[in-house]
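Below: a set of structures, written as structure tokens.
Next, two complexes with subunit A in common: one pairs it with subunit B, the other with subunit C.
Moving on, here comes the complex of A and B:
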């Protein structure tokens, strides 16, 4: 390729991501001229749909924003309303919410590690092609995902669009014996997760590091799910109620998803890598040891190694689920009283893909007058583009087909959920 | 021999609900009443609802099952058109089934199951061509008619099921 030749690489429909989007990269010679992550899935206006609805309807409505992380949406919603209403939940309900989240993390991470990201590293176009040569690997991933499904089904009443979560708790709390039925499979899943860490750590990773601002929840004692302050490696340390003072969303012409930035600072990263780097010492010993054994260092700034970090989080989620089941005693009342009052509440929880912020304003009848939802992919979108600006430079001398597949792999480091954010992927590579 | 009928789709996305609506019409007759409209008892039929997400779908059948799966297919200009594929014999067309979560839908479930040796004994895929799939859309009249037609045909099959399913009649309903 001539040094002055313009090349455009286009991926018109990005595969193995949730939702519809495209990628556009323009090169002049081997120098990157432009990168756009185009999210063209139409906006879904969930925040507008919520206006005028009673807060009790929230968990069922927001669960429909995403088929892969409905629990995250339910958890951020119920916590935000509980914060608005000043509702304190039963400690057993708190434990159950952690178990619910464990189920979603196991489902989502197993899907991403084995079915979405592993084919990139092993050189296959998709999981079906990979399964022809790696049957046992794919079978293990499927069984792990199913272990997560079982938790979600038990806790949520059904596998898709769970219906049990409520403001104040759950409509129905499971019995101890029902939870104990999960134990044998979760013990297998914990062992399989440790094997997943070894599998993922054995993949080949591009030499690529960036100086990220990592943002995640941080709880004094626990690896974060539902609670904690929003912190970063550059000194951010705020309550969720101060989120909108510190973060802002920007409209960009090429995307139907807003770009979220830290005011005065710019892009940042949320998700497994951020959680891991900011909360490593809160991981249980078994997960910390698994990370050390495979050479994963803190901080990890190579986004391609996020596949290993997801595997470490699988270990955590299985271990945590078993702990919760051991300690669980059914709550006397599964759902606290939630008297309506005019109020505002915010909450952030850790969806599998990262921080998920909700804010609701309620009137005296408990009707929602304003809603704001900032999903993880909106928060990562600008950071993904910045990764690509730097990463494409490293691979610019390669053939267009290879650049395309490497770019898609780099996007999948973030496991973007475009359906959530539109509120993603085709690659266009242009060389000038 | 047991027959498993799986309806796939999303009730919140217009015609994508087609498979679920077929399952619910059958459920109302076969499970709730245990008899069909003619008073004939129907046994050994399991009716399932699924989102269409591949990996859960693969867990809906075992190697010895006879399975009929109903799902909406992508718009091709003939809404309500019913097509049937014998998935054990042939690969499913790549462009027929709108993708589900992360691009893992019905076609991917079938092809992954084929690679992993996890296909059921028989697997017929009944596709109802959709017209509108946007969030909050209602079911189109063409698809609504096709849903009724497929439900009636499956009810007939459920009533007579006694052995491995054979090929369903292929039929087109004018859109």
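Moving on, here comes the complex of A and C:
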């Protein structure tokens, strides 16, 4: 390749991500000139049409932002409203919410590890083609995904957009014996997750590390789901109510996009890698040991290894689900009273893809007058582009086809959910 | 030349404005997925595969509603490429939750959500696929029921009518032996006017149906609105109840506009 030759690498439809995006990389010789992660998913305006709706409708409506992680949206919404209304939830409800989240993490991580990300490492276009050579691996992934979906279905009626979550708790709490029926499959899932860690750790990883600012929730003694302060490896330590003072969106000229940044500091990363690096000591022994056994270092700064970290989180989620089921006693009342009052509430919870922030302002009738939702993918978007800038220069001498597939893989490291992000990403719809 | 070798039917999955949940239903059919993949040639399914083969296709599954000029053109091309076109889910069959814009000023919506309004290219209405092109079958639900999807694909390939009932959620409740929560507890429930398919989930979880499968074949929404008033709901609440995930389906649209005017 001549020093002056300009090459562009375009992926018009990014596959194996949730939602519609495209990738554009421009090289001059082997030097990167431009990187754009383009989003052409049409906007759906959730924050606008939520105004005038009652807070009790929120869990059902915000679930529809994402078919892959509806529980994350339900959880951030109910906690934000409970914070606004000053409602305390029953300890059993708190446990149930952790179990609900375990189900979603297992389903979402198994989907990503086995069906969306592993085909990159093993050189297949999809898990179905991969199954022809690795049938047992894909079947293990599908069964693991199903184990997560079984928790969600038992607690909420269906895998996608479950119906039981409510402000104050649940419409109906499961019985102890119903949960016990999940135990055998979850014990299998725990073993399968350990096998997933070994499988993922055995893949080939590009040598690529970045100096990230990792951001996640941090709870004094639990691996985070619904509660904790928002912390980073560079000293951030705030309550969710201070999120908007610390994070903002920035207009980036080269892409006509606004990206979520930490004020005065720039890009950051949310998601499994951030949670793992900031909360390693809160993982149960079995998950810590699995990470150590496969040589996963803390902090892990190679985003390609996020597939291993997702597998470690699968171990955690299966272990945690079993713990919750062991300790669970049904709440006296599944749903606390939630009298309306004029108020504002914020909350952040850990969606499978990372921190998910919600803020609502309610009037005295309980109707929403303002809503703000910041999903994980819009927070990671700037970081994904920065990874690509650095990574492309590392592989620039390779043939175009290989650069393209490696770049796609680098985007998939983040398990981006473009459907989620689009309703909030401030992106220019560019046509060529 | 032998034409005896049966070619596997080619299937494609297309996405418009949506949450991805309905196409995920296909991947959520964990027990059936590899079997389905063996019987079909999954030619175009970007969410699951980077191998994206050109049309024409025997069956096209379409998720999502039409909300941009670009998508209004794209659905025409999708229709031309697909012998049988099936729309899946409330967005594709009724415009989805994003159709709430249809009663509002979309330019104001853009200003609320987006910092640079001029970059946003959107239509004033979110509309179902069938308002743009002829559709062979509409599968309801937000999200669709994955067992109904498998049944629909199987029936389409076999050339028979799919077994997808059009009666109301009430029928499903009766079959399950649920005590009617509207009658026994006075809970507002859209079950009497809502298309079956979910298995009467909400009443089974101690809450009223919120209509995510859209209107049944011939719903008596006026009668239900009266019943909701008797249960203590005001007109604003009744309007919101019909203005959910299937708000733009004409029967629910008519009901919400009637209660809004009252």
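In this text, the second predicted complex is superposed on the first by the 414 of 432 C-alpha atoms of A that agree within 3 Å, B and C clash if a C-alpha of one lies under 4 Å from a C-alpha of the other, contacts with A are read in each partner's own complex, and residues count from 1 in each chain.
In this section, contacts are C-beta pairs under 8 Å (C-beta built on N, C-alpha and C of every residue); 3 or more make two chains touch, one makes a residue touch a chain.
Bear in mind that the values here come from a model prediction, so they are computed numbers and not experimental data.
After superposition on subunit A, the partners subunit B and subunit C are seen to clash. Of the two partner chains placed by superposition, subunit B and subunit C are both touched by A:145.
Legend: residue contacts after superposition of the two complexes on their common chain; A:163 is shown touching subunit C, with no touch to subunit B.
Applying the stated contact rule after C-alpha superposition, one finds that A:68 touches each of subunit B and subunit C. In the superposition on chain A, contact of A:127 is made with both subunit B and subunit C.
Two complexes overlaid on chain A leave one subunit C stretch from 115-123, 151-159 or 223-231 clashing with subunit B, and it is 151-159. Put simply, subunit A uses residues 15-18, 42, 44, 64, 67-68, 111, 115-116, 126-128, 131, 135, 138-139, 142, 145-146, 149, 159-160 to touch subunit B in one complex and subunit C in the other.
Residues 13-20, 40-49, 51, 53-54, 57, 60-61, 64-68, 70, 111, 115-116, 119, 125-129, 131, 135, 138-139, 142-143, 145-146, 149, 156-161, 163-164, 166, 171-172, 249, 251, 256, 258, 408, 417, 419, 423-424, 426-429, 431 of subunit A touch subunit C in their complex.
Against subunit A, the residues of subunit B that register as touching in their complex are 12, 50-51, 53, 55-56, 58-59, 100-104, 108, 111-112, 115-116, 134-135.
Within the complex formed with subunit B, the subunit A residues making contact are 15-18, 42, 44, 64, 67-68, 111, 115-116, 126-128, 131-132, 135, 138-139, 142, 145-146, 149, 159-160. Residues of subunit C that touch subunit A in their complex: 15-25, 27-28, 30-31, 33-34, 37, 42, 45-52, 67-68, 70-71, 96-98, 100-101, 104, 106, 108-110, 112-116, 119-122, 126, 142-143, 198-199, 201-202, 204-207, 210, 212, 237, 240, 244-245.
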